[in-house]
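The two complexes that follow have subunit A in common; it is paired with subunit B in the first and with subunit C in the second.
Right after this comes the complex of A and B.
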């Protein structure tokens, strides 16, 4: 069973994503900002991450870079309301495997996850 | 305040409300204001910093907030609790993010802040020396007031 970490500052989004993922049989851990995401990643070593960008403490792009620095194989999918080209390019350069723009589309999220999990 | 900043927000709000809550919206009468905004039951504040600077506010009644999150999560809420607050904050985040994407395409890149929420009607929210555009969006679940106090950098 694959372990997925959900990172979003909105409790509402974490609840929605966790519902979706546990419904598909995944094991889910949660973090509510970039700082916590890095810590939880180290401890839980999830198989894939769904990462928001706009968050307090540390944003999702910083957390992505930090996670990839100690685990170059980390599979991180960005899931954010920000879709500017500059953001997408920065995320892909920092090692994001996919980039999904909100509003939240459950099918799009599941396809992205199944693709990175192979 | 540059009026070309308005449409990206209106289009983003229409798209996000439709996609998240299956609600269609109609734009009401646009107004330009210099006085402070009066808070609704719920007001979401999100700042933008970059080639556009300032703040976007989203005001709505508690009934509208509860109706929206009930639709989005497909589960009834009877009070505007922490989860519901988080849902409305996130709605503001997604609308502002989508507006930001449209502004970036028009040549105005900006970062957005996490949402802040003012609860309780009647508080005055001053955007100081920023002029403010106010446009109501009418939906079957109630009105959402968008206030924009934005300026080109």
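Right after this comes the complex of A and C.
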């Protein structure tokens, strides 16, 4: 059973994603900002991360860099909104494995996840 | 050995033909030169097209050797773009030689005289290079598939890297990727793709680069060549399959010629527009210079008549007042005057060309001179878009070439000498053009050894130009100016001593014939700057009209600094010469009454008219011209004097004034030179 961490400051998004993922049989943990995401990652060691870019406390890019600094193999998929192209490029450069555009198509989230999980 | 040639071309087509051939040869020449330093598929494409067009032109008029040569060049360029490999120095030399042969062929078509040039040798060597390239392709040394290859080139280092890998039996793959339309953040997808490819091995070449992708510079496609030991095509394909939003990707072994991929958008579309160069698709009509000259002449006549109309109107107003018909005449003539001004401006602009028409020829010249002299020289050109009258552009070419040759030959030191002097081994020559206050200023600056004023002084004394005392009295800047003296230049031996001076008098004479001026500034050990100043046009000149005796003279406004009344200043005599103190310096006076004196002229008293001093500049010198009366400012149409009259010292041409009188245009450089010589003569 693969463990997935969902990071988003909007509770609605976390609920949506968790529902989708548990429905496909994944084990889901949640974090509501970058700061928490780093802590939760250390504790739970998820197999993949779905993470928003724009968040309070610590944004997705910072959290991504921090996570990859202690786990270079971390598989992180960024959740992004239209108009954040430069941040997406930045994220890919910093080692994000993929990105999914919000509002997301559930199928695309699942395809992206299956790809990073191999 | 005179040999008549015939070509299928009408007399009225010849100019157009030659213009076009020249243009394309220029594209080829500058393109070939640029291949030395830079890889740009657009560049190879542009020289390819130029060769192709000349081939068609030559074929049409029936110059078979020219068509054959351009065909061979075209083949070589084609091999270059498909093989991705930069030409070697030897190849570039051969191609430049071929362009030189093309120039000879062009002249053959122009003159219908056979030149006797043998094209076989150059054809054979170009073919050998082309075949060599193809043979290399057969070995699979540095070849990718033809179609995509047209858009990308490998640097020699990259090609070498690939060859080395191939020798060790490591497979290399060429990857072409495109993103789907409407992809969000396509640059990020391409970056993902590039990283996926990187997982398979080492990327040797990639377009766009990661840096470009980070700035979102891309056209939705990515091309990369990767050395991937122990990997198969399928391995790379499966890595790419994990990247979302890709419209497609192709992975091909690098050494094999692959089937034609679907046509792709050229990467050109994304690049910022380059500054206009030769052969750009502009909406233009070719017009002969003769026709432009005729047009300019007609406008000149209009300007003369406009001036005349104003005069007639003045007289009518004096007689009948400004009411009624005279008022209407005034309105009409004012309006017509404005239209004529605009027309004049438009025609002037139609005659203007960017100076790059000349500048584009210079890199080749500088390169050749530098190679022959064993110098390393970088030519930096700025302001090529600066426009000036085309007759001026043609006329200024030779003086500029002369100055550039001198800068390379005598200014820039050999590499060892430069290094010893703490300079970089490669010298720099800056060539710039700019519009400054209604004039064109072209400067040529080198960072070479500079001119030694003492050596010039010695040379001047040994040539008998002046005594040792006179030479010693000269300031350094005056001493350096001697290089423009005609007698200095004839001494072959002196060129080595002074480092300069070959035909500098010719340069100055030619520039001054164009109503221009040339100045030199030099600092020993640091370098030399030549500054050439030219008017925008020669056809119509703004002048100050002055009266002398009963005649009118015109002084070009560009040489005038100030005008003041003789009665307002105090005249004194300095070294036997009348002069005034003006703005903190001594301004020597030239009495035009004395200068243009002739026994046949009737004595005309001054009649209490206010004598004035027109202060003029030529080069670094200033003088005050004493005239009987100032008439006023006027734009005049320059007419050359009839050759029957011969050269008149101090006069460069004439013009017809509004009242039908003739005014002579003063030749300020000639005038000041003559006055200076007369002064020196009287001193000695």
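FYI, the second predicted complex is superposed on the first by the 115 of 118 C-alpha atoms of A that agree within 3 Å, B and C clash if a C-alpha of one lies under 4 Å from a C-alpha of the other, contacts with A are read in each partner's own complex, and residues count from 1 in each chain.
Everything below uses one rule, namely that a contact is a pair of C-beta atoms (placed from the backbone, for glycine too) under 8 Å apart; a residue touches a chain by one contact, two chains touch by 3 or more.
Computed from a predicted model, the values in this text were never measured in an experiment.
Asker: Clash or fit: subunit B and subunit C on subunit A?
Answerer: On the superposed model, which is not a single observed complex, subunit B and subunit C fit side by side.
Asker: So, does A:55 touch the first partner subunit B, the second partner subunit C, both, or neither?
Answerer: The answer is first: A:55 touches subunit B but not subunit C.
Asker: Is A:98 contacted by the first partner subunit B, the second partner subunit C, both or neither?
Answerer: So A:98 only meets subunit C here.
Asker: A:117 contacts which: subunit B (first), subunit C (second), both, neither?
Answerer: Neither: A:117 stays clear of subunit B and subunit C.
Asker: With the two structures laid over each other on chain A, which partner does A:13 touch: subunit B (first), subunit C (second), both, or neither?
Answerer: After superposing on A, A:13 lies in contact with subunit B but is clear of subunit C.
Asker: Per the contact definition in the header, classify A:108: touching subunit B only (first), subunit C only (second), both, or neither.
Answerer: Only subunit C; A:108 stays clear of subunit B.
Asker: Regarding the shared-chain residue A:86, is it in contact with subunit B (first), subunit C (second), both, or neither?
Answerer: Both partners, subunit B and subunit C.
Asker: Considering only C-alpha atoms, give the closest distance between subunit B and subunit C in the superposition, rounded to the nearest Å.
Answerer: 9
Asker: Where on subunit A do subunit B and subunit C both make contact?
Answerer: 80, 82, 84-86, 101
Asker: Given the complex with subunit C, which residues does subunit A contribute to the contact?
Answerer: Touching subunit C from subunit A are residues 80, 82, 84-86, 88-93, 98-99, 101, 108, 111-112, 115-116.
Asker: Touching residues of subunit C toward subunit A in the complex: what are they?
Answerer: Interface residues on the subunit C side: 184-185, 187-188, 191-192, 195, 210, 213-214, 216, 242-244.
Asker: Of all residues in subunit A, which touch subunit B in the complex?
Answerer: Interface residues on the subunit A side: 9-13, 15-16, 54-56, 80-86, 101-105.
Asker: Once bound in the complex, which stretches of subunit B touch subunit A?
Answerer: So the residues of subunit B touching subunit A come out as 15-16, 19-20, 69, 72-73, 82-84, 86-87, 89-90, 93-94, 96-98, 100-101, 104, 109, 111-114.
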